[in-house]
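Following: one structure in structure tokens, then a few remarks.
Chain lettering (A, B, C and D) follows the sequence in which the chains are written, and residue indices restart at 1 in each chain.
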Amino acid sequence: MYFAGIDIGSTMTKIVIMDDEINSQVIGPTGAEHRHLANKVMEEALSKAGIAFDELTYVVATGYGRINVPFADKQITEITCHAKGVSSIFPSARTVIDIGGQDAKGIKIAGGKVVDFVMNDKCAAGTGRFLEVIADALGLKLEEMGELSLQSKEKVRISNTCTIFAEQEIVSKIADGVPIEDILAGLHEAIASRVFHMAEKMKIEKDVAMTGGVAKNVGMVKALEDLLGFPVLIAREPLLTGAIGAAILGKELVIKALEKGEAIEKGARLLEAASFFK
Amino acid sequence: MSWFAGIDIGSVNTKVALFRDGGPPHFHMIQSGANYRVAAEKALDEALGKAGLSRNDIVAIMATGSGAPRVDFGTDQLSDISCSARGVHSFFPSVRTVIDVGGQASRAIRVNDEGRAINFAVSERCAAGSGRFLQIIARVLQIDIKDAGTLSLKSSNPIIYTTGCAVFGESEAISRVAEGTPKEDILAGVQNAIASKIANLIDRVGMEKDCAMVGGGALDIGLVKRTEERLGITLLVPENPQLMAAFGAALYAREVIPTNSKFDITHREA
Amino acid sequence: MSSKGLAKAKDIYANRAGRVRELKAEGKKIMGYVCAYPPLEMVTAMDYAPIRVIGSMDEPITKADTQVPSIICPMLRSMLDLGMKGKADFVEDFIGAHTCDCAEKFCHLYQHNMQFPYYHFLDVPHIAHKASFGFMKAGFQLFQKTLEAHTGKKLDPDRLKQEVKKHNAQRALVRELYGLRRQDPPLLSGSENLQIMLALLSIPIEEGSGMLKDIIAEVKARKDGPKKKAARLLLWGSPLTETSIIDMIESLNANVVMDDICTGTRHFWPDVEMTSDPLDGLAKRYLDDLKCPRTFRETTSSFEEDQEVRFGYIKDYAKEWNVNGVILQSMKYCDTHGYEVPAIKAYFDRLGIPSLYLEHEYTMVALAPLKTRVEAFIEMIS
Amino acid sequence: MAEEKKKRAITRLESSALVRPLVNKMYMEGALAGMEERPVAWSMVNWWEGDIIMRAMGVTPVYPENFGTVCAALGIAQKYMGVSAAEGFPTHLCGYAQNTIGYTTEMKREGKVPEGAPMGGMAQPTFMLCSEGYCDARFKWFQSLRQFWNVPVWTLPFPHPVYTDPSLQDVHKVNVEYMAVELQGFIAFLENLLKKKLDRDKLEAMLNNQEKVFKVWWEINELRKAKPCPMHARDFWTMMVPCFYTAYDPETLAVYQQVYNEVKARVDNGIGAIPDEKYRLVFAELPPWHSLGFFDKLAERGWNFAAESASYHPPPPMELNGGGDLPYRIARWTYWSYINTGYRAAKMGYPAVGAAQPYYNWAVEYKIDGILTHPLVTCRTATFWHTHSMNVLRDKLDIPGMSIQGDIVDLTVFDAATALNQAPAFEESMDHFRKVRKSKGLDW
């Protein structure tokens, strides 16, 4: 039996197809247009796994864009899916810190289940999107940005909270000759402390796993570890935990139903474009 | 010749106005880019070049705009609130309320019969309340801000953004485009969002007619129309709304600096 | 108004002002009031229809920004906004109360803007010491004195006792109605319930009690009640004047079966004790029995016991209505509820009842982010 | 801070330097009492209601709100606020509360006054005293502190009569009596807690001293009506502290007398608090404790602040009749300190309500050119009336207003740059309205 998890984030679409282990995984390129083409990503994942769409026993959609995925059997929030995905990779993890494009989350887990969570999604400040915008402005990759910030001798405070104005502030600071690494270090610290204090509301417990694209930014990882006082766990592909969790949850659902001899509730299964706005 | 210069070093564009008694003003505008000082120098020299003038023809320069305090440029500096008010008033002496939709913030300014700012309110430091939001969305839609207006007027059902953040608004607009929502509805949505913020600012300072709209945002006739609808009045819009602060600055340069004096015009004395 | 029962409640909810204007046209004197603290028994005993002044999550706040800064309680700002826009023109006379800090100031500013011919401000102490009851009673007496002076009528003690009975009778009906949500699935949805409560705050007592009787009979017999859902939730927190948040919750796999908000149980739950001087019973009910975090509760031998004193009654709700989760909601800038959150969350943690804190902006839009939280919370507890 | 070095535009009162030792003494006493395990109370600003009784009973009060201003001024508050947020307290709550909650969390964690706490920190309390005065959210946070300190919390009531109540006179009697009875209750609470009796002679002596302090401190502020204004708000904010917390102390009285002499001398010699007083302003309400240097920048522009912070001024000479015993006398003063602006407003026919009343009064009496409001993200009480105050001054007295967003504790909110950028525009505005006032026959 094959199970698919599709995690439609604000900037990336991730799909995992698995039976007992992962058969194929696809991370759609950045760009919001792409969310619209979730079905194309799915087709790509299917061909990678070398199976047909009908061979999927169950499809679970999660993430910011999960709402109207016509080819999913079920929608589950990214919070539950991240928890499941992370604990399948790191059974010792008790806390997940996920800094995604549209929000930042803290999740407490026990036995693969969510026991508590907090979330910020008011505005881009404090989310991965903030970093992306700055990275674009500086013509850097998120990864490079992290590397660079580690060389900072003296952090510089960014006075603007608004991402757009912070971008401007940073660009002109650089023009004024402020070392880029110091600016980035200040930036990472600011975001890390926003996320840390939010997550601390649930009383962060070891081990802590960091997920989302931002986990690839060593600068952010370090800034967060400095605040935590211990190292965090990072999956080889921190973007995929949500999709993995979704696939596993689908699998569990099906197995449970089969054990009970109940019918499996399925969706319409139309392999069409996903929509955000109905 | 005794010319006076006003330079408005804004977050997005730097604008220059050259002015002399009895003659028509010359205007010039360039992008500010990252370095305000460089932008200021460049904008001034290009403006002078266009007008066939040299720096020696300038008696005084008044610098204004959010970038001005960061570069020690001009004979003197004045807040863009005063300058916008003064500039508009010189075009429309009947104006008592000015709406200035700039790249950094939106402002509502009450002016007296002499064109002095007598009361003002400024939007909070969030791009969603400024003209910047419009530019971002216009960029997403790959249209010029000038055409944005005409296009948006076609809108029959403006979208309502699910977020108050310009950055998320951008992603939302992108997805909307991808899903085939008409451009005009996406634009009209932003205009409504900004118009309602403007209405709040107006409420704070109190409205007295006539009312004018200036700043880059006023180039968007769609925003002008929706603000008019929101306020239930007609707005006066000068020909070059984005240049009013620069022009006002030039007028102030004329006023505050004695014509006979001659001194270093690119640097204020410490 | 022709409709009956649930339909009637729905109609009134959809157009409160319309109904109150009808009443006014019928010659009813309207006394506007804030919060749950003014003694409505005295108001009705003076032949007024008490109508609670509330805000609207649906109407963008514009005019009020000329009077109060935006960091003030959005509901109070909205109340002022509606007043300034003439949308509360049905209020003739007004009684304010010192419930929370912002409400106290709001009342004075509201009067300053509206210039009601009669305005009384009830200064409610924040402690329930022995002397506080005397103070509360004195406040009622002053209210009586000024209102008698304004209307030229005397307040008859026996009439007041009758009114106490009448109000208690309505409270009993409200408790009976809430009882219909003890079973699973509940016979009445959280949204329907809030509509009924808001309707009750907008019509005379007799009319309200009549409506309640119809609704109870109708609901007991209905077949189209809420479906069985994974979560049975208790909703705690700051006042809700629209159903939007409960609609959002109940659009998911959950039923809201009980509440502790002052447009719900808080307003109606406790009866007034029959005392020889009715003002004594009223003072006790409104100062002490009424449960709002705005009142300081004496400290005890431990914080845990404090929590029991402060939140014990909510635990009883949770048990009797058999809930498996609690939604703690507060509008932004509400200090009274804001300070409460960590303590009440810890209390429910200790009871093993999961809870979720939602902070909202007191508007109907932008509920989408909150929805994901609630969805995840339901997944978490079921 | 570089700007600290260069010469200040505000000429501070020399005698205001004498206040610092008083404040230090206050904190030292608190720390000492903690070390010597004498009774310590965490106390709210209670407008002279409870402090003097505690002092007379040998309890040393420490003041979390004042501690908050210190932490803010030293930039330590940021950390404590972060901890408070992590404890689950919403970040829009009172900055002083967040600061104290964060501090207390750290204190419990470290089992002692936390590392880096300023002024020796705050010693563990024997009990906590709330006041309903002005901001009733305050008892909520002492209630919250119970999760850290298992000590009793006592709350002093503080009636808030309607400003425009025609039957105010009847109300006063009820209110003052209620407060007096509750003060008796407080005394009983202390006597029972401390197992000792109150020394009423001692209390009376302290009260006599306190009333003298009120008088001098009031007169000092009256002198500020002079042109140019001899004393800047900076000095007021420094000097309001002893009157609040140690008015019972003869040393406090002595210091205020010296301050009076200096201010009087300035008035007699036409000396102002700033070199060139172009504009006289009033400041509402609480200042940015972390950025007070900002006022020197404004002083350089000729902005002098002649009045400020309505809720923090001493009560004027008593106009409330009635004798009564000591608690009654204490109650009357505290009550009077709250109600007196309503009294004055009544005489003026209520041109304003709420905290706009004192600002209206001052604008007239101190010949104010403009009002600068400082809306605080975390303080609704101090901020609620700002807009109304600005409206009233603009509409009734043709005095313009300007706002600068900020906070009492959270320094990241404060936007001095924008304010300074707007200053010239506001000066035009003040110039304009001067003409308007003249044209309407007002004398300033």
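Remarks
In this text, a residue touches a chain if its C-beta (ideal position, glycine included) is under 8 Å from a C-beta of that chain, and two chains touch if they have at least 3 such contacts.
The structure displayed is predicted, hence computed values, not measured ones.
If you take chain B and chain D together, the chains in touch with both are A, C. This structure's chain pair with the greatest number of C-beta contacts is C-D. The most distant chain from chain D is A, comparing centres defined as mean Cα coordinates. Work out the mean CA point of chain A and of chain D, and you get 48 Å between them. For the pair chain A and chain B, the distance between mean C-alpha positions equals 39 Å.
Distance from the chain C centre to the chain D centre is 35 Å, each centre being the mean of its Cα atoms.
The set of chain C residues that touch two or more partner chains comprises 65-66. Shared contact sites, meaning residues of chain D that touch two or more other chains, fall at 87-88, 387.
Contacts with at least two other chains are made by residues 125, 163-164, 204 of chain B. Contacts from chain C toward chain D in the complex involve residues 65-69, 71-73, 96, 98, 100-102, 104-105, 107-109, 111-112, 119-121, 123, 125-127, 129, 131-132, 134-135, 138-139, 142, 145-146, 293-294, 296-297, 299, 301-303, 306, 330, 332-333, 335-336, 338-343, 345-346, 357, 359. Every residue of chain B that touches chain C in the complex is listed here, in rising order: 160, 162-164, 196, 199-200, 203-204, 206.
Looking at the complex, you find that chain D touches chain B at residues 387, 394, 400-401, 405, 415, 417-418, 420-425, 428-429, 431-433.
Contacts from chain C toward chain A in the complex involve residues 354, 369, 372-373, 375-376, 379-380. Residues 11, 33-36, 38, 70, 104, 125-127, 132, 136, 159, 163-168, 171-172, 174-179, 181 of chain B touch chain A in their complex.
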